[in-house]
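Presented sequentially are two complexes of chain A, the first with chain B as partner and the second with chain C.
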Partner chain A sequence: MSELLRVENLKKYFKTPKGLLHAVDDVSFSIEKGETLGVVGESGCGKSTLGRCIIHLLEPTDGKVFFEGENITNISGARLKESRKDMQMIFQDPFSSINPRMTVKSIIEEPMVIHKIHNGDKAKQGKAVLEIMETVGLAERLADSYPHELDGGRRQRIGIARALALEPKFIVCDEPVSALDVSIQAQILNLMQDLQEQRGLTYIFITHDLSVVKHISDNICVMYLGTLVEKCTSDKLFEKQFHPYTQALLSAIPIAKANIKRERILLKGEITSPINPAPGCRFAPRCLYAKTECFNRQPELKELEPGHFVACHLY
Partner chain B sequence: MSKRNEKGVKSSFWYDAWHRLKKNKSAMFALIILAAMIVCAIFADYISPYPYDLQDYSHTFEFPGEQHLLGTDNFGRDILSRIIYGSRISLLVGFSSIIAAIIFGGLLGAISGYYGGKTDNILMRAMDILMAIPGMLLAISLAAALKPGLINLVIAIAIADIPGYARVVRASVLTIKEQEYIEAAQCIGASDLRIILKHIIPNCLAPIIVQATLGMAGAILSASALSFLGLGIQPPTPEWGSMLSSARQYIRTYWHMTTFPGVAIMITIFALNVLGDGLRDALDPRLKN
Partner chain C sequence: MDNIIEIKNLTIQYKTDERTVEAVNRLNLTLARGESLGLVGETGAGKTTTALGIMGLIPNPPGIVTEGEIIFEGEDLLKINKHKLRAVRGKKISMIFQDPMTSLNPVATVGDQIAESIRIHEKLSRADATIKAKEMLELVGIPGERYAEYPHQFSGGMKQRVIIAIALSCNPKLLLADEPTTALDVTIQAQVLDLIAKLKKEQNTSMILITHDLGVVAEVCDKVAIMYAGEIVEYGSLTQIYDNTCHPYTKGLFGSIPDLESKADRLNPIPGLMPDPANLPKGCSFEPRCTCSCEKCKSNNPHMVEVEAGHFVKCFNYVKGGNA
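Our next item is the complex of A and B:
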């Protein structure tokens, strides 16, 4: 296994009339080739912003992104276009992420046209489109349909096909199943796992759905208000959590047994504002165990057990 | 493969739109009227029974009859022939000023909406300045400054219309820009130009087309109004507005002199509006049936 992507101290601040909004604050991690990194956290914790910074849809304020050892943080122009072939994205909303005026075929074809993959050889290109459609489970007869004629699951398959058209090595999946029915979610997740096996893809899987992330990820990052609070392998995290936020988060997963008694950790208060955040741990105002130290100094990620990193002053 | 492809017919966005338009009877009727008008305008020399400037002083103010289907005016000129020749000017001015206004206004609006920030501010404030002057007044002052004539008439009307298109396009670009498929297009490496032309413009075509058909009707009216005021087409060239203007003084006694040019303007504008409605439906694949 070798490292494919490394993110170092990535920060993204947005200027708002009220002050600086810290969407992503000092996040670092790395992903091995072929693995899936789940990024979980509640709405507004900066997980989508993180994905968009990596994929160059947003310019990070600070920090570095390395892809296959190369610093790609500030690339632009032709080099950026070239890197699009390696990194792609699957979007959340299958209804707004595909152009309603284009047919299925032309949507999947577009990346090939832009990158001149088949040098204008229409027949070859058409064949490639049909191949990809077959791979993602879209029937050939849908090639000339418009997106509005298809259901959410099929539309999301179009989104996946578009991302695959350039044969990337790395895909950022921004809540790809959260807008779908549960039965379709499973189909799409299985498709994505199959694709990963066949093509050796590497995923960043952004979601707020813990059962999904458990199913698909090798490693998990838990984010709270732009900061990384816990990082660990998927199996371990669901067994043992250190950070009070992760504990609360995991205690919220419903269990499909009626007579099991368990303690739910209920968080009090609202998520604090990410605009001009106070110094100290972001989670401190809602934390059950907060000490004075927590309000003064921001905790750093510490390796508590091999491969299990936690940012908390309790340990 | 879909049905269309089995027939071996090329299917594309525009082909489908045409297919849908064909099903809309009123829009097709309007299209036929407009096509007939365009044919009349082009072949005016062969169709019109008399030359437009032939003065026959023994037959002035004649009511519609066998010799002159729509009667004659105060100089004894055949009104039908003048209306046929007049359609040349009206349609030409209508089409070309709207096309010019759409191209410039649409592009300015798209750039302004897509890039936002300073670019947006500068462009839109310039549009606001143009908008602050009443359209008709702006056209009158431009027409007066540029000397009367066909091309200047087109320029005057187009400039007065540009801010309207810029605003309509900018507003729809602002909504479309937030859609995820624009991000998706950036993600697959599409250039800004490609995104504007392939993803943004087709999706804001519907409001532009509605605005354009209404605007074309407006432009024909503006051209008529300017000619009516003597700032547009100069006599003896026939133009619907100037025909109305010169017939105005005889309206109580010789109704046919004002009625027929007026009806010509009305039919054209009506056809344009109906066609615009039909196009709006046809260009929206979500309404496909």
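Our next item is the complex of A and C:
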């Protein structure tokens, strides 16, 4: 397998009246072709900002993004447009990310028109749209419907179809199933896995739902307040967690089984403000094991076991 | 056992000129004192409508309770007059609403909002109500000094705590919690669930917890009712429902959740979609999506069958054993 995407020391700060908001702070990772990288974290940890920085919906403040070996951090104009053919995004909310005035067909068609995939050959284009609709499980009769006529699950299928229209290699999925009911969520997850197998797609799967991320990802990054705190393969992470935040996060998931009594690590307090954060570990104010060192110096990612990276002063 | 609430044949419809939405259909439910029941179902199953029905808060028009009884402490809540109902609502039965961001008044301080319900139901002076409201804040883990702050100064988890404080301020007998943690992050959800469980134990409150999350139910509830298209399709104790799942819909729900412990390659979702509540199938409402339906299911709506003591299933072909 070869590396498809590499992110190096990516930073994104937003200017606010109160100071700099550190949304993403010094995040590095790489993704192999055909794999799924899960990015987990709670609201406000910078996971969506990270996804948006990678595919150029936001300009990163600092750092580099490499796609197939090429530095794409500062590309613009025609080259940027070209790169969109390889990288697409599925958005979180199927209710607001689709233009309500366009029909299903025209929504899926739009990327093809913009990128002149079929050079104006209407018949060919129409056929391509129907093929994609079939792939994502949308019936042909819905081609002329408007989004408001459809339920959440079908709308999310439109979002997926639109992302697939240009046959990208890489898709950033920003909470694609969070707005859906469990039974529909399972349908969409299966669809995404099928598509990955058929087309060799690479995903970044951003979510706050740990059971979903375990199910779909090969590797997982855990984020807390803009920083990467733990990174390893999906199976390993659920076997053994090193970072106190990951431990608390995993113990907080309610498990759908009767009569399981688990020791739960209850975190005190809430996520602190990402505006002008204090030096030191971001998690220190809520951490059960925080030492003086944790408040002074930010920990670096260390490889504790082969392939298992943790940013914590305890180790 | 001593029942705190008995719901019999509750039917709620939303009627408009064009169509009638059958939101809740002949729902039967009893809850014993001190118990907590998890009411589980997907969007549009009628969970919230049921809770609003108990509170007498169904918006009318278009909502109408067409049939049924809600017996609470020997009185039918659907028959008593408005004034009596007001004395019950917020005092004996109170509700935690789903969305902590929108269910508080943005232009009143959180303390005043807690004191408001205390002053309405308990004849306390303004000063005493303030003291009690501060105690409630402390009880849910918010320092009393924040009494005079406004909702926008609180985070989502804190706002939900304020709402819990309002709901519990008059020591209710029955608490209806409508998706109390859905809008919260997992670590905050754990804090809030812990708080609800603790307070419930201290005040011996009965609770109906409305949720779509089977994990949350497993943590908090004794009894579980699974709702589908306005009906309860399976009812029993936590162990009965989770370890001896009988209804095909409940099985489908369990199959849809990714398991944290085992590594399944694919999920087993329920095919298709929830039926339109304005146009329910003639027979069993789950029949179009069911994998083990038969001819009988198409034309007849099954009745509740008791498969073991206290475990009821609304299905003709219920499957025995947990993983059949």
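Please note the rule applied: the second predicted complex is superposed on the first by the 315 of 315 C-alpha atoms of A that agree within 3 Å, B and C clash if a C-alpha of one lies under 4 Å from a C-alpha of the other, contacts with A are read in each partner's own complex, and residues count from 1 in each chain.
In this section, a contact is a pair of C-beta atoms (placed from the backbone, for glycine too) under 8 Å apart; a residue touches a chain by one contact, two chains touch by 3 or more.
None of the values given here were measured: they were computed from a predicted structure.
Superposition of the two structures on chain A shows chain C fitting alongside chain B with no clash. By the touch criterion defined above, A:Ile114 lies against chain B but remains apart from chain C after alignment on the C-alpha atoms of chain A. In the superposition on chain A, A:Ile98 makes contact with chain B only, while chain C stays out of contact range. Applying the stated contact rule after C-alpha superposition, one finds that A:Gln193 touches chain C and leaves chain B untouched. Of the two partner chains placed around the shared chain by superposition, chain B is the only one that A:Ser145 touches, whereas chain C remains out of contact. One geometric descriptor of the composite model is the angle centred on chain A: between the Cα centres of chain B and chain C it reads 80 degrees, in steps of 10.
After overlaying the two complexes on the shared chain, residue contacts for A:Asp235 are found with chain C alone; chain B is out of touch. Look at A:Ile55: by the touch rule set out above, it reaches chain B but stays clear of chain C. When the two complexes are overlaid on their common chain A, residue A:Lys214 makes contact with chain C while staying clear of chain B.
After superposing the two complexes on their shared chain, the closest approach between C-alpha atoms of chain B and chain C is 11 Å. Every residue of chain A that touches chain B in the complex is listed here, in rising order: 52, 55, 57, 80-81, 84-85, 88-89, 91-93, 96-103, 110-111, 114-115, 140-141, 143-146, 148-149, 159, 162, 165-166. On the chain B side of its complex with chain A, the touching residues are 1-2, 4-5, 11, 13, 179-181, 183-191, 194, 198-199, 202-203, 285-286, 288.
In the complex of the two chains, the chain C residues touching chain A come out as 42-43, 155, 157-158, 185-191, 193-194, 212-219, 238-239, 241-243, 252-260, 263-264, 266-271, 273-274. Chain A meets chain C in the complex at residues 42-43, 151-153, 181-187, 189-190, 193, 208, 210-212, 214-216, 235, 238, 248-249, 251-260, 264, 266-267, 270-271.
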